[in-house]
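So that we are looking at the same thing, I have put the structure below in structure tokens.
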Amino acid sequence: MCGIFGVTGSKNAFIDLYKGLKMIQHRGQDTCGIVTYDNHFNIKRAEGLVTTAFGENDISRLTGSVGIAHVRYPTIGKGGVENAQPVYTNTPYGIVMAHNGNVSNYFQLHERLQKKYHRYINSDVDVQIILNIFSYHLSRQQNFSFEILCDTVKKVFSEVKGSYSVIAYIAERGFVAFRDPIGFRPLVFGRKDDVTAFSSESVSLEAIGIDEYEDVKPGEVIFIDEKNKMMRRVLEESRQRACIFEWVYFARPDSVIDGIDVYNARYRLGEKLAEELKNRRNDFDVIIPVPDTARTASLACATKLNLPYREGLIKNRYIGRTFIMPGQKKRMDAIREKLHPIKIELSGKRVLLIDDSIVRGNTSKSIVKLVRDSGAKEVHFAVYSPALKFPCFYGIDIQHADEFLANRAPLDRIANEIGADSMHYLSLEGLVNGVGMGRKNFCTACFSGKYPQNVTKDDKSKIHCDRKRADG
Amino acid sequence: MCGIFGVTGSKNAFIDLYKGLKMIQHRGQDTCGIVTYDNHFNIKRAEGLVTTAFGENDISRLTGSVGIAHVRYPTIGKGGVENAQPVYTNTPYGIVMAHNGNVSNYFQLHERLQKKYHRYINSDVDVQIILNIFSYHLSRQQNFSFEILCDTVKKVFSEVKGSYSVIAYIAERGFVAFRDPIGFRPLVFGRKDDVTAFSSESVSLEAIGIDEYEDVKPGEVIFIDEKNKMMRRVLEESRQRACIFEWVYFARPDSVIDGIDVYNARYRLGEKLAEELKNRRNDFDVIIPVPDTARTASLACATKLNLPYREGLIKNRYIGRTFIMPGQKKRMDAIREKLHPIKIELSGKRVLLIDDSIVRGNTSKSIVKLVRDSGAKEVHFAVYSPALKFPCFYGIDIQHADEFLANRAPLDRIANEIGADSMHYLSLEGLVNGVGMGRKNFCTACFSGKYPQNVTKDDKSKIHCDRKRADG
Amino acid sequence: MCGIFGVTGSKNAFIDLYKGLKMIQHRGQDTCGIVTYDNHFNIKRAEGLVTTAFGENDISRLTGSVGIAHVRYPTIGKGGVENAQPVYTNTPYGIVMAHNGNVSNYFQLHERLQKKYHRYINSDVDVQIILNIFSYHLSRQQNFSFEILCDTVKKVFSEVKGSYSVIAYIAERGFVAFRDPIGFRPLVFGRKDDVTAFSSESVSLEAIGIDEYEDVKPGEVIFIDEKNKMMRRVLEESRQRACIFEWVYFARPDSVIDGIDVYNARYRLGEKLAEELKNRRNDFDVIIPVPDTARTASLACATKLNLPYREGLIKNRYIGRTFIMPGQKKRMDAIREKLHPIKIELSGKRVLLIDDSIVRGNTSKSIVKLVRDSGAKEVHFAVYSPALKFPCFYGIDIQHADEFLANRAPLDRIANEIGADSMHYLSLEGLVNGVGMGRKNFCTACFSGKYPQNVTKDDKSKIHCDRKRADG
Amino acid sequence: MCGIFGVTGSKNAFIDLYKGLKMIQHRGQDTCGIVTYDNHFNIKRAEGLVTTAFGENDISRLTGSVGIAHVRYPTIGKGGVENAQPVYTNTPYGIVMAHNGNVSNYFQLHERLQKKYHRYINSDVDVQIILNIFSYHLSRQQNFSFEILCDTVKKVFSEVKGSYSVIAYIAERGFVAFRDPIGFRPLVFGRKDDVTAFSSESVSLEAIGIDEYEDVKPGEVIFIDEKNKMMRRVLEESRQRACIFEWVYFARPDSVIDGIDVYNARYRLGEKLAEELKNRRNDFDVIIPVPDTARTASLACATKLNLPYREGLIKNRYIGRTFIMPGQKKRMDAIREKLHPIKIELSGKRVLLIDDSIVRGNTSKSIVKLVRDSGAKEVHFAVYSPALKFPCFYGIDIQHADEFLANRAPLDRIANEIGADSMHYLSLEGLVNGVGMGRKNFCTACFSGKYPQNVTKDDKSKIHCDRKRADG
């Protein structure tokens, strides 16, 4: 998961990008980058948070009215500034690009680029594949026009498999945005006065004063030329399979993704959970959210079940990394540094903990123990999403099916695995109805195993062998 | 406001201090410092957060079984590492010290130290005054013993006016903690196996596995000698006036201060607020907390009033500083970067916003406008503390009485000042009863004007003229 | 002036590049860069000295058996890492390149690249022009071979005017070096066992154990393929006009440039100076060199004239920048910080100071005053090169003819201008014979005004208007 | 070896200190520090060179008209900023101090301070001992006066053994300088207008415009009070034994130490060497100095012997550290990176190399080999000082007698040890006469074994066991 934000026609692109990027910092805290154009590409990429990486002195350096920006999700054992975005190529024209998504036929395209297209890829990020496929086809044209751009993006759609929401700026030609036909990752845009902005989440647009926005359609390309004229075209019919995890966990609650309010969706998921738990209402004395994400759904569930809702776990926001004393054998329980129990709300009670999802189950197990140690009489656990069972090929860092808690034990033993008195997953139906209210064009592959594209054996092996690549 | 944490008898003082200090980071993010002793004082002070300032390589540098640590609250126009704590003097014996509090006769003592005691003060922090008064009297003794220590601290109590919770380590002699007789600022300690730890808040003790603790009594000195033997004595009868703001806002909800659970206190303050608002219950459709501090009291208030409680304002945790475009006239509304409205919870509703307190009122005004702009039909404002009216001489950075909102307008005009439809302050009685449940030994001077010590004209002028000093 | 160094077939390219680059650090202290290839281009560019910029941890990062490196000369008001070399393009194949020289038709080619060749230039360094002209023509070929490489370099020779000694590495194809037909800037190479290295000066080759070397010929291209097979071809007949300033000042005394020992050349220049001064032998009591460059020629001159040679000026190597006190009006005499007189060698004597050359004359004037203030009876000045009068279009930062001392006053007034009792310039004939011993293919344009290429009005305007570009 | 510089009565102490300190940077490149006083001690200490550590922004921070500064010599395995000078104590009055020298009874005084005087020493530098002995005695006085200062320094002279040239500033009292009665290390001062400055070498004084200066006498204390009145008194009769190595190697050639010009002394040493070698004059074709120090003496020797003097070895000034390739067995010959031969001056010749001194002989051996490899027919070696045989207890980092070349082989085998055809040491008589011209009050202990003070067994053991202390 990553976040992208771009703007054109701005009075000061850097200040807009800085503001907007901070709003999607939750999508990635590993690296960040901002590029503006002012007859010259002004490029800055850095490790860490936006507010640490950029400062007042960048205002005079990153000048221009157009630019793109990116934040990257931390991924183990790779990264550093070298794999930060946006990325740049000098031919044709000079292009900078940033993306959110995952190229699933990465190795096939990498080989094709180096062997056949003679374009060298010097960092291990998916966006380099997209940028170079795009640049290769564009550089074979003598001229530039919206038609030629559409042809080029069509070739990207035809060659690049996977998910990718892309923004780019082509020097002296214009601003480009496109979203693959599956529309797995979000991309929203808005226009106000002379300014047009594109973002992974709508909050970034609001941050720079653009209150009306719509989604870039799956399979669509949008182009804003140097005279600020916008052209758009759907190049491929939508086969949308939006990642349903955006509403469960990734996106901010105050964003709107593909027309669905994230807060509302989470609230409805809490209500769906309440419906599925209504027969057990009397088993619980209090509902406690695992902060921060699960608050909305927990409150909805408590309201619907007419049970007390309490903030029984306090989150410490200053944890950072944990040191291990030399010679110390057992790893400290990191959860106890991060979450503190409010004993009065737990002690002697039958507690229902609600979280957004469970991956490996280690964290859940620690939380259950923490609550039990605080005197809870019973500890029940519910998540407002189904059991995670299948790896994701489109951008989420869940790669080995056997790591999932739900694959380690039969359903009726899972409560036992995490030490809880009972365990409830929201049904897949509940999830889709809760988020979609009738719409069903979501990717639920990680829950259901139904992938939006054919997943070849080659794609699968990529997931398992590749420890060096960084997702966008 | 600052935070202090010390440990002795530890297997690895640095690791304990690092863990404990992170737990009280909310008490100060400006500077931090850790000193350990291992035949040598290992000193590190830095600007910024504990997790940024300290790293794995400090483990091998900050060795030893005893040490003290400090975090400092950001204060405008001063500071930098030069004013960070702990502080050190080489005579007598070698002493490091850290404190939380405020010396109100600073200038008088500064002059006495330089002119009469011939001890130079090279940084503008209160703790230097305490350290040097302490050291001066101790160095006039030929020997060291617990009796001599008690005599020395008595002299500190007699000379130093104001509030100060202090921890110190005297090389090869032992660990010292004392708390002024007013007991304005908290200081808690616990002992488990060989380890004794002292902290501003009990959460730090729990973080290193010490679950049982008690308060250092107002006017008490505690000493742990090199053989790990503990001695303690109350040197002056308690005239305790604990700062009631700790329970309202400063302390973490999962801490226990002077025997009173912070979470419980806030919950009760919410209930007190509900009592005072019960006649107006039907004026509100929903209760919305201003995150993060006001959540507990808001939920209590909503529960008591049987009104819906909703998280209608989302806090962005990645704001950092805000840049102003060169030439830009109006300052951007920082609140809109920090808080985002959830429109569905606000639109068309009569909203009751609850916050912990109001100082100048600018923030409240912005929040009211934000909520109104999100479609709220009415916006009411309540705080679970009384109107702030009087400057604090004991450590809170509220210095000019005329800056307070409550001094700028008569009570019935304050709602108007912040643009709200109504405004309610919790009564002083409600506050004291809510926190104290019968106990009344709190300092409520900032609300009531009743100071725990005589405040001389000199002290007052200090507050107004002194722009260079940093509070501990 | 810059320095380049490249190596292929090395056991550890980084360590060789680090060693070799330190040897040519005198050619540039502004920025430095090293790129190695190991299936991946490992790139590091930085401001400052090689020994500061690179450290032990780069050994594990800059892996590979082939690489190129660069140091850049400080130029006022531009620069920073953005203009550091080597530079990189990803198409075709992936190429890194570094150069020493100056493109005189920069603006013409810049326009052609952006408008016609659609290659964007994102930094203001000449080498970007060469790299992109080279890459453009190479990318229009379907394959790669030595023949195709030769065709490509021919196109560079035909399009790019000025001076350029270039080294490059093309991923998976091989190492390339070429030198423009004028051969203005040096480029030497040597081969020993599997290792081939190219450098601006022969000392770098000796530093990695290559004691035998020869010059890349003007107009020649050399290619070493991935099997370490070397191919070379002179593409254009030499029109060599080597910059004679290399022997006067730029190069290290222990280097051999185009077959001529720098030390020997300087020694002979001292002897030529002696010949021209022999009638005035009795006017001087002592010969004092301006350290460091002028030592060799001064000693030769003193030996030939049978006059005492003394180190009467001591150079301080730790000067760095000079601060001006706020409010201070007059600029401190920087020369007095840098050079200290040994009074016993100056006092009461008729001193002949010898320097390599005089540009503006300010430094010379300060030195004369310093020596006179130390008690010298007379101060005579001689330089072992002729009067500088004409701007250089090939890489030396002497741009405005009217800045030259020799253009500010008639020859017989120049001594007066710098405060000396007499002034002697070496004759142009003396210079050419002293360096060349019969060979005459040098560029002496800055002394004689005879440029090796037609200098168009456009080239001249470039020199005068261009304040943003950085020379390689 | 270290360097100290202090100034009082300055318009801007920082700018003077910065200028003056750069002049004595050759005395130490490990750490540097500047402290000024302006009602507040402004302290900055850092690793590395003065020009790197201090910048323009320090002008506004290090304000005041008085201050002291220090540079420290690199010493293996210790150091860092923690051991940098000047050092500070807050009692009595506030004192900063810097020194150059060596306390030989360090351990005895360390124990006395901690056990008896109750003053803690938190870093391993000699100056802490001096500062604390001084402060302890001064703090026992109720008042401050010149008489009391004299008494205090007398106590320092009586307790502290070894060498120490000291400068200090006592807040609101005045500037202090004193030099131990042995006067081992230099200390010079000058006064012009309102400014008084003290330095290890006279060049610093000249750098700030003070051209007339004299030495602080051995055993003398000088005090400049807050009204800029100077008082001075010799407290103990001089037993001067000035370190003769200052003239051989340590000091800059343009300094005057204890009334003797360094340049002149080195020139005379070269002449003395010529006298001792005159019978062998015909054995040599050329004299080559080992740069940079040996140039003066070599030239003098060559002139006296009427032999050609040539710069046959070129020094590279950009070496920094040398990396070893992982797995590489033999250490690279560092000498070949640092010195380059000029073959034409060496090849076929009988070369006489002249250096200042020989410690372990490894460097000399490498240089001899380098010259021989460059084609020299014979390589002879001479040094203008006697054979080093005895450890130094006063500040030079030569500690183990058995490390000296001259103790590893009989005199007639030493040429063989370093691979030379012959080897000549200047006689002790030649050294003393060359430097002193009749004066004999030098310490020549490292050559002669005659120490200026009784060296106890305890002092000796200190030298051998102490690997953690840093010399001033």
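In this document, chain identifiers A, B, C and D correspond to the written order of the chains, with residue numbering beginning at 1 in each.
Throughout what follows, a residue touches a chain if its C-beta (ideal position, glycine included) is under 8 Å from a C-beta of that chain, and two chains touch if they have at least 3 such contacts.
Because the structure is a prediction, the values reported are computed rather than measured.
The chains that touch both subunit B and subunit D are none; no such chain exists. Centroid analysis (C-alpha atoms only) places C farthest from subunit B.
Computed from the mean C-alpha positions, the centre of subunit A lies at a distance of 37 Å from the centre of subunit B. Chain centres here are Cα averages; for subunit A and subunit D they lie 62 Å apart.
With centres defined as mean CA coordinates, subunit C is found 52 Å away from subunit A.
Counting partner chains per residue, subunit B has no residue touching two or more of them. Pairwise chain contacts in this structure: A-B, A-C, B-D, C-D. Those residues of subunit C lying in contact with subunit A across their complex are 40-41, 88-94, 114, 118-122, 132, 135-136, 139, 171. Those residues of subunit D that touch subunit C in the shared complex are 11-12, 15, 18-19, 22-23, 25-26, 49-52, 56, 59, 203, 206-207, 252-254, 261, 263-264, 295-296, 299, 303, 308-311, 314, 316-323, 325-326, 336-337, 340-342, 344-345.
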